[in-house]
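Letters A, B and C name the chains as they come in the text, with residue numbers starting at 1 for each one.
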Amino acid sequence: MLMWHLLFRKVAKPLKRRGKVPLKHIARQEPYRDRELAAARLSRDLEGNIRALRAVLGGCQDFVTRSFRIGGSWPAAVVTIDGMVDKAFLNEVLLRNLIVEWPGSTLRPTLDALRDRVPAGKIQECRNLQDLVTGVLAGDAVLLVDGENRGLVVSAEGYASRAISEPASEAVVRGPREGFTENLRVNLSLLRRRIHSPNLIVEEIRLGRISHTPVAMVYLRGVASRELVGEVRRRLNRIDIDGVLESAYLEELIEDNPYSPFPQVLATERPDKVAAALLEGRVAVLTNGTPFALIAPTEFVVMLHAAEDYYQRYLLGTALRVMRYLAFAASLLLPSAYIAVTTFHQEMLPTRLLMSIAAAREGVPFPALVEALLMEISFEALREAGIRLPRPVGQAVSIVGALVIGQAAVTAGLVSPLMVIVVAITGIASFMAPIYDLAVTARLLRFPMMLLAGSLGLFGVMAGVLAILIHVAGLRSFGMPYLAPLTPVKPADWKDVAVRAPVWALRARPAQLAPANRYRVARGLKPYPGRTGPAGGGG
Amino acid sequence: MWRRVAFAALLFVTLTLPAGCWDQREVEQLGIVLATAVDKGHGGQLEVHVQVVIPRALAGGGMGGMGGGGMTVRPYRHYSATGATVFEAMRQLSMEAPRRLFYAHNQVILIDEEVAREGLREVLDFFDRSTQIRRHIWLLIAKHGQVHEVLMAPSPLELIPAQRLVGMIRERSLSSRFAPQRLGDFVEMLEAEGQEPFTALATLVPTRVEKGKGPGGGQEAGGREGDRGVSEFAAEPRANIRLSGAAVFLGDRMVGALDERETRGLLWVRGEVRGGSMTVPCGEGKNITVEILRSRARIEPREEGGPLGFVVQIRTEGNVTESHCRKDLRQPEVMEELAAYQAAEIAKEVEAALTRAETMRADVFGFGAALHRKKPELWHQVKDRWPEVWPALAVDVQVEARLRRTGLTNIPPEPK
Amino acid sequence: MGGRLRDLERGQISLQQLYFLLFTFILATTDIYMPHIVAVKAGRDGWLAVLLAALEGVLAVLVIIPLGLRFRRQTLIGFSRQILGFWLGSLVGLFYIYNFVTHSSRQVWHVSELMVTAFLPTTPKVVFIAITVVLAGHAVRRGLEVFTRVNDLLLPVGAFTVLLVAALVAKDLDLRNYLPVLERGWKPVIDGSLPLFGHVAQGYIILMFLPFVGSVRGIYAWSFGTLGGLLAMLGVGVMAIGVFGAEVTARFPYPALELVRMINVRDFIQHLEALMMLVWFGGIFLKYAILLYMTSLAIAQWLGLRDYRPLVWPLGILTAALSLLPPEVQEVTEFFARVFPGFALVLELVLPAFLLGVAVLRGVRDDA
């Protein structure tokens, strides 16, 4: 009760205050359109410009206009959004410079003179309301001077953002711990820090009719094929949506097959993974407001590769990959295989195993299919609950759910212990997928597979697998066959599928990605201590 | 597109909805049959016994509060029914068995000697045709009237008699004195030209138990000191099952049996002796014991000239495991001498088998098949009369025995 | 005509994919039915029949490949018109289309029959038929490239399984079962090799696919390599004779299935029939998809349509309906043993050879 009361009051207060604002301050009811704003040119009259701006931004209580005189004599104004700009910079640097430290001059300061004096890293001119408004809303400070029909957009953004931290969904033991944040600038810097190359191209567009979210398309010039870059650009440019709040919006708008349960674009919050993809000739799309970058094109096998595969010794990397492939198959097929074998093909089981399964199932009131569905659904519910609940509670839920309920269900004879084991293995296997989206795919497809297994046994499973294969074989990711290099067969690329060959052997980039720039590793780099290099062995 | 999705969903539902209507069967609804036996029933009918596992009893006390340790319930149950054919009898069983009998895990087929003597073709046809019965399960012949006992004889080590039989067969090369056949191999031999089938015989051997202590007998009836440990846990069974020798068939009819020594003679000729021990006289009226490691054999029709005959070449290797002789086994000549003794002993076993088989006219050795392979024309002349022809043919048994190792000592301890 | 063909199918496959398709196409049914027929006809000389069939296969290669290369941009339907003129060529095309239709319905029959016989005996056949037709139709409608890729993935799995079976039953192989050699002379061997040849020479189907193949470099190497691979796979089928003996093998309708039933690794891995069934189902499914595709494409081309896709579902339903006609296993086995060899000879060797001959004589070619 008390909590609710507090909450309610906290929310209610500002609402009340806002209610006091007379509506007449807002000049008009209908929304401003970009085209209209772009057509509105700035005038030489400062007051007029501020009025116009206030008419547009007047509905925003956090919109601040600070009028002052440059050097104490020439009227000017700085327009900002409160909370978006770096106050220290605004007050201590910008305003101090213009008001206090302005050299007394009788000449009216021209825009160029101002530009020379303003100590900011990035300054742009704007000539119409659209540029001005966009700049202000993105956290820049706009400097308007009386007598100029142009304004200066001074980069001063200084809003609070989350610090760079380890990516929650893709942790590694060995490897960089930095993850993307919600800030596009920071994210781009994370990439720049990894690839110091003038050929790392960042093309920025703003997507979202209303949200104007900055979206950056990043690629390596000379590595990524031009067609691919053009295709990504084209698909991004055709997006017309009100807002982009997460890269998933873009993903659903640019993928090749919108009906597929398979992710066709890889989403990652690891900058090193994005950098590696760029070096392979892929294109990354970073969205402001989310730590998840998109990588396109992405084949199926890449979804099962973890960044760490490349940071560990290649034998271990290979072993882990093989395990991961098996785990993916298990997370998709294990429950259905179990159902099929125990309810249709008991002859396949070793005699003793059959007897212990039969003993365990003795007294279980459900058919195996229902038992499996029940267990799987409760497992999924448990997992979902664990994610949503506050962290400390979440753990308690998993413990209660997994241990207590599982144990109780078995002792009560509702579920056979073997089914619990199968469900648990399936769960663990699905956690092995390095990309969350792919794990989700397997989890989803598991249920129809179980139904098929329950009705037609292994034949049903095979039919399901065939259906999935047909679907996947027809998929493309930005024109690239989804199953490459498995099929169409590209044996040259098999060094990086289930096997992770040592770095010196991974000479070529994937064939379809970088046709013009095939080789990334020089020839003959396989280490021969003592035979090559000036520091050759002691012998 | 959405229409297509809807169509696919509809199709999916209609195909998966009738789940359980067709071939689906839950594990716990199955009566898992581990052994099948065919006995003579009344009035020329066949009586079929099946041994069905009770999985719950087998899983023991661990599960949900069922009776504590010890075997309170026998983990298997028998059902019997009679019918004119095997299949009919089996369907009769379903009127008694509460579960659908499931034969895919059947491990042994036991056939009564009398049934075998009347011919197995009809009996085996069902097993051969069935999709559930596996071809590599064992086919055994039980002494007449003992089928039921052999199936029932409890055993403390393997809880289920069928598995006990299988366990004995698995370790058959420890003695090489019985010759079990898999169902598939038996049928192949039945069908092959110039090769008569055989398989092992199962018999009951009384155990050394005092009267009144049969199965279910009083546990408190104290026996000898050594027995007490056993009888505290379970009643000592009255009889043990023993697999011994080989039932010999002519065509599909059983015509007799080889004893244990002769059976090994048969296995020598077929090159199937993979182990076992042999006691070989080493002069001085004493013996050494040889552990057989492996053997190979070849049957060749006799080379040119002279009447038709066969050469059987047997090669074997073994280790000396026990020596009562004073001979110094370090000396190669001694080892060769001993090996020669062993070879002679093997030849005797083979001769015994040959003699016995010849009286039954059953070519269990596959001489005919060998002749067929090497001299097809000759074979076609004699194949119709083969049971009459082959017993008269001369067989030259050539044995080459080698002794490899002598264990960890060279000379037996010498009391001084 | 060339332009119109590319409208029908825009996809492109590689030579390797083509030969993988062919391999599946031939192997799918061969290892299921052939060992029985070979064992019946050639007895313990079955392995000789296999070798002989491979030799005859070389002959087929030498006819089909030159014909295909001569008409690089045309399918069988198209170039038979080019060679023989419109009416006669159309007749030949119709003959092939008829054959494709019956052939595809036979695949549907295979699937349903196998499943019912040895897998799920009480499930209605219609279920299997429906699933197969729907899946295959869907795959075919998505285009050549799609089912080719599915095949790319499944064929290695299938071939590996067959070899695995061979390795696992190798211990039961008794080479003495192959003796004596040529007991009844060469006649049974030749008799046994003919149905096999009928399968091996199904390579003529590449005449329907060659226009969609990118580069044909190494086509002879691929042809003979495939022949060699088939030889190995057929060898596995004939292993049944070595394991069970010729007499017993001849009694089994599906000797390969019996081989699988023999597998027993330490009493733990056993009774893998179900898995083998899956491999077979996958194989026949793909064969059916290939046939369905060829049929639709051939009809579309024959009638001069612009798209083959609308034909897929009607043909699927037609073949499914036809598959319900031949009622018994025995009849199909009979068909394979008696009718099929002669029929196949005409279809797969004589007619292509005739076409090649006429083309050479008339100097018709389309390989510019």
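Definition applied: a residue touches a chain if its C-beta (ideal position, glycine included) is under 8 Å from a C-beta of that chain, and two chains touch if they have at least 3 such contacts.
Because the structure is predicted, anything quoted here is derived from the model rather than measured.
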| item | value |
| --- | --- |
| Most widely separated chain from chain A, with each centre as the mean of CA atoms | B |
| Middle chain, criterion being Cα centroid separation | C |
| Separation of chain B from chain C, taking each centre as the mean of its C-alpha atoms, in whole Å | 43 |
| Whole-Å gap separating chain A and chain B, where each centre is the average of the chain's CA atoms | 66 |
| Separation of chain A from chain C, taking each centre as the mean of its C-alpha atoms, in whole Å | 48 |
| Residues of chain A whose C-beta touches two or more other chains | 344, 347, 351, 456-457 |
| Residue list for chain C, restricted to those that touch at least two other chains | 120, 123, 127, 131, 270-271 |
| Overlap residues in chain B, where contacts from two or more other chains coincide | 15, 22-23, 104, 134 |
| Partner chain A, residues of chain B touching it in the complex | 1, 5, 12, 15-20, 22-28, 30, 32, 34, 53, 55-56, 58-59, 63-64, 102, 104-105, 107, 132, 134 |
| Parts of chain A lying in touch with chain B, wherever the complex brings them together | 259, 342-344, 346-347, 351, 354-364, 367-369, 411, 413, 448, 451-452, 454-457, 460 |
| Contact footprint of chain C on chain A as seen in their complex | 341, 344-345, 347-348, 350-351, 456-459, 461-463, 466-467, 469-470, 473-474, 481, 483, 486-489 |
| Contact footprint of chain A on chain C as seen in their complex | 13-14, 16-17, 115, 119-120, 123, 127-128, 131, 135, 138-139, 142-143, 145-150, 152-154, 267-275, 277-278, 281-282, 285 |
| Residues of chain C that touch chain B when the two form their complex | 117-118, 120-124, 127, 130-131, 134, 176, 179-180, 183, 244-245, 247-248, 251, 258, 261-262, 264, 270-271 |
